[in-house]
């Protein structure tokens, strides 16, 4: 958009014709595959990997989108929510099975000093936590994993007070009653991204309990993403962790 | 029921007639006021106060029930969920305005050594907490009040670790995310009665958030009563606190 | 915490250095397995079995946690929500198939006189009831099982009035309309732990109907645990049943 | 509709013209007041009172509809959900304030031998119970009122076993956990119409708890009407009570 | 209970001892199988078949309960919610596969003149409709089946106005929007038992839409049973259809 | 947007400078009042009235927005959800009190031949119906009002079969069970816009019952707007009624 | 209905007997197959294909209904929600696998000039979109498919502003947050039919999130059909697209 | 906690006694007012204002807490959710009536360069937006207000593309369908804090619609706080805006 005036100047100078200018104004920053229109600009412009949400897409669709992105200059293409079955049908650079994430192209290295601290309430939250962790790592972050530190054994959490109080950004992941977010939010001085998980049974109602609990956190600095949305948390944490710039 | 054989023996010995026996078997252990059938047995038998749920009853109805209970030998009659307005229309022995509890007759003294420890997450939970506290006191318990010790400032709670670890029974009261129950449940070795409150707004959905959170507590030893049910928690805590007998 | 002064005295006396004291203050009462941080203190301190929640954990994870607990001195390790398939992959002391509970180490004997009375509304509630019953037994309690005594055939319940009125603690388990808790709560003079089950169909909404019904019980002394949470009920019942001490 | 052939015969015989026949076929069995189209046929045909739902209607609208029905030959017009304020603005034959029902015209006498038995769980259910009772009375039924016989004091209910077992039709009204319907359904051999009420607080969710509980009743012969729908229950009970004919 | 006086007279006359009388008063009208306590009185007393809810029971449990009932004198034992698989493992007199009902013993004939009219909104409601129909037939009723007469093609329903207006009791079964109950309720002068079904998708929320719709029916005389509860509707319809006595 | 090339041609021809072109490209088709940014283009371009949603706005805010729109050339400004109190504080051309709609400027006449047919299930639905009706009238449509034709008295609806079968577009408005939409949808050959209303009580859950019912309509051609959204229905009906052009 | 007078005239003239006339009046415009009563009139009268909802029907039932419709003169019979498995068991003219639609008889050609524009938020919405598209095509419409234009990449949507602003009717299909409908509704001047899909996870609650979002759209001209109801949207769009008549 | 070793060193050196050390270790970083335990450390340590949640507290309670904080060295005390009535009873430095925020002590100046960009979907969202804006300002941030830029008039939003694309952190506030968050999230490269509001009616269910919509946002970088939680959003935005340090 900041290029509009440049374009118009070129029209005035006759460098390009109005027809060409119109075409360029309409130039779609995406590839149209019919069933999908992957964005080819953001990644290239920002130098970060582009992401494909793998659920509900066939391996063929995933491959076509990945190819289109690669052709458009994308160095790394991340595919999330990718079942091991689908992954095995694709020729990827790497597949993280707990995180259910696959990668085409380069595996990026950390490009910023800060670290994303990821906590889980229990062992069953691991798949969501790893989705967040691998996402953050692939987006150039160091990650500190503190798993199974749920509030029912508060000493396990307090043993990590130092990591929590010194963090630049925290991801707190929990199912069941989701109390972890509030306790961590009270200890930390940094943004806490809360991820409710569908871990639990009965009145957990597939994560609703943890979701409501986290939304009602009386600790300040806590915000929430969708149930089991490890990717979203990892992405946002990376955004915050990169404030102040990359190395 | 253990008196059935006595009764039958009296029939055999001709002490009473079958007609009388049948009448006694049907003897109703309650007074029939038409609109209400207050129980006159339990209190007299157990020596504990009887309780009237004041919401949805007119002052006249409350008075009639209280009179019936008093006539049946009840020394103390507790009226819960009693608005100050209704209370002022009744000639009661005492009215606790924060707890919205009124009393007819004797104010009982503690009759057991243990203490009911009551914690709240915030200041707004006070009416529910006082309903629990006054109920427990009127049922013969000492009460320890630890208010505004919510988990978002975990140090406020940990400052009371000793009271929590030494308690015989605990009532944990919280609205919003209701995380207090889990943290307390993890610290305590005694039964924790969790009371969700309707304190909060938005996604607290009138206490639903705290309710679900408490039901999903990953701490063992925690059970839950209805939203804002301070009375129920106080009553149950008294029951547990009296195990082992009264002084 | 009561050991803090001891520790400080040792620092003053030069028995240990400040560095050592700090380390001990930070000593984690749990084993860090990375994916899990099992608590090794409570069980050893209290002499009761430690519990692993089996759902969402691999047999390997279960084994590692159990081994860690055993090494830390735990005599009995209970694994709940353990599928028969997983159980068969583990070398356990005993496996209760209806209750879906497995045990490593000693099977404890009752260590208290009282008895936990467990009632169910129907036959389909058995798995939850057995989870509660086996949990209570493994924690040292005698258990009285009264199954299929739902309120729609009230005479079946009333036939057990004596057991109910003499109980020290009761677990009332029911799906569908969950009315059992209220009727039992009205008959009993002891704490009643209500367990809603997901038994039912249609408007039972996976146990929601029974859950709400039990939370709204107009009988005093009733509290509620999560849907299908037989373990939680058994654990809490054991806590209450042990008040007054072990044999 | 059974008159179609009559009508057609009259057309063939020339008694009436096709035009007249068509008009009669289209004859609307209601009066069109613009804002309302009250049914004038059913009441006249069946000799039972017609009913106006008073909520959401102005006194003027109620009066116009009542007048239209009276003019159409209706001897009794019942107005339900009528606030005392609106009632005082109307010149009615009688107003039942607890039931919030007003009547224009004759107050009918019982015209059948059976009796509608109405039970409530508590005192706060009275307005709904009276709506049911007055409705049934105005439709020609004798009514037996058994109020405040909730299941938490099961002896109060069992004291009325005889009335319950001998009833032709029962209305069971309860809020909170709504367990009354199941227990009564188990005792009775006749249809039980369950009416959940919005009595309660917290997790009663304005009657949802009692509604779900009643829908899930494991007793056979129980069906449910809307929350607080005393009128609907009274109307249906009258229908069942009149099977076999009026006196 | 009406036999209490007889019993007491026998005690007085010395015909039986008080001990015997007490035992008889406690005589359980059910068989205790441990996992189940089937009622053996009602069926024998009323001469109607007893019913076993098959879901959640093993074939062995079903067989044991059926045997106990048969031994207690029951001529017909109905098993509902019985999968074809389980049925094939049992040696039953008859199995209705659409209705998923199995029968042990005699198949009863109609014993009353009236007919139960059953309507469905669509073809997919058939399993629920057949559960209701077969239940009603096995309880001694003639059944009129009017299937696929949903309100979106109102002429299909109006073609049966006569059956509807002349019915003694109607069962209206529909999923999706459940409007059938209201339209039928408006046409009929008899009790209408509405059965919401889980037929539909999306915002039908497994039958919730039809359930709410039916509960809110503005037609009088309509009551509702649980989602997909064909059995309950058939049972209640039989009760109503038998008012006035059997042939 | 179709003007982009024109603009660019003018840049090339030097008619306007690139700076001017950029400014024009950014020209905001709305007025920025700080608290509001009313759209001034659509109305002027299409010659239809612009609409202000009055709820949650102060009379001053409403007046400022209306003035801005009028200054921008708008001939008619409609304000919906306007309480009588607010309306009386504003100097409007006309106020429709049942519809709660106020108008500034010209009251438009019908400008198309078709008619919007509006049906309601009951009398209490009138405010929503009038909101729809007045909206449609102010947007240039003739409106046919058929009120209180709910399905529980199907003959009232069938008496209007002709209007329904000949309509170009229909608005079906109903609370409670919302069955009207399905029956009308089955009779009509035109689009039916269903409006659930919050009329009802208990399990109507503020319109949820009618909403779900309408969304699940098994009649084709039915779509749904928000609960009580008479305006939205009137607006959409006008859109459809104007297909084929204005007079 | 407009034929009633004709019929009556024939009765008067003796052309047909009253008995015949009555029979004709009762002539059912559907075929009664017992389990289904397919409508044979509408399609024949309007010349459009008739539709069978395939879910919950056996291949045999589908075939019988299709045969009945064909025999009644239907040229095209559409079967929706048809699994590939069922389709392969039927001898159909064509099967659309993504749309899960099968066709018997003629594949119609477009018979109107307008075009139905269909947009989806993502690739996973394709099955619903194709159900809508194929339905519209089979009902005689041209369809413009614009897939994967979700609002999170607003430029992809804006690239199609022209198609959107010139459309006669639009179908906006989206899962997750369902924001597409509002943005499109704001850009378009024609009716927008919003279809929420069950695409998503966690707090999308099987499409509830998108459904509520679309119902609350602040854009005028938007109405909503059931979750995943591509057929309903295609049918309604065709209705609107045919206003003004067929070619 | 980092002071533990210092403390221990002092014990060793005899500077302080073990008793003193223990007391200091237990020193509560809050003031105990009985009904409240305000945190006095965080504010003083970090130099930011402390915040009191005003809802559910009496003016007297607010005053006592504020005094305690002031005495503890707090320069600015913010009171949120403060009704004008309560505010007028308190002697505050400043009261923001739209934001319902009151301040004791200094009004801070911006202490960082970045700016918090706040967008709202409509005018009715202003109270929530101002709560966020005033909170952010009082915590030392510059705020850019872009109100009434809802997606139904996408040009209003696109006119601010530059502010959105250059922002360091954005707060997107919307009720009804809550689509604003997704569109903004797609345009922005910075964290977007989404605040659902209870603005709307009917199926907005008091903000549930916007909440679910925002949680399901398909744009990356979006997280959500509680319904109407302007304060929480302002606080978190300030946290993010201060990353990199204060001026």
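Chains: A, B, C, D, E, F, G and H, in written order; residue numbering restarts at 1 for each.
Keep in mind that, in the parts below, a residue touches a chain if its C-beta (ideal position, glycine included) is under 8 Å from a C-beta of that chain, and two chains touch if they have at least 3 such contacts.
As the structure is a computational prediction, the values presented were derived from the model and not from experiment.
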item: Chain H and chain D - chains in contact with each; value: B, C, F, G
item: Chain pair among G-H, A-F or E-F whose interface repeats that of C-H, sharing over half of the contact pairs by residue number; value: A-F
item: Most remote chain, CA-based centroid, reference being chain B; value: G
item: Chain of greatest Cα-centre distance to chain C; value: F
item: Between chain A and chain D, centroid-to-centroid distance (C-alpha), Å; value: 59
item: Separation of mean Cα positions, chain C and chain B [Å, integer]; value: 25
item: Centroid distance [mean C-alpha coordinates] between chain G and chain C, Å; value: 54
item: Overlap residues in chain A, where contacts from two or more other chains coincide; value: 122, 153, 202-204, 208, 211, 215-216, 220, 226-227
item: Interchain pairs in contact, sorted by label; value: A-B, A-C, A-F, A-G, A-H, B-C, B-D, B-E, B-H, C-D, C-E, C-H, D-E, D-F, D-G, E-F, E-G, F-G, F-H, G-H
item: Contact footprint of chain C on chain E as seen in their complex; value: 26, 28-30, 33-37, 39, 53, 55-57, 61, 196, 198, 206-208, 211, 226-229
item: Sites on chain C touched by chain H in the complex; value: 4-5, 8-9, 11-12, 14, 17-19, 21-22, 25
item: Chain G residues within the chain H interface of the complex; value: 121-122, 150-154, 158, 176-179, 181-183, 185-187, 200, 202-205, 208-210, 212-220
item: Chain F - residues contacting chain G, complex; value: 1-2, 46, 51, 161-162, 168, 189-191, 193, 211, 215-216, 220-227, 231-233, 235-236, 239-240, 243-244
item: Chain A partner contacts - residues on chain G that touch it in the complex; value: 122-124, 126, 147-149, 153, 155-156, 159, 199, 201-204
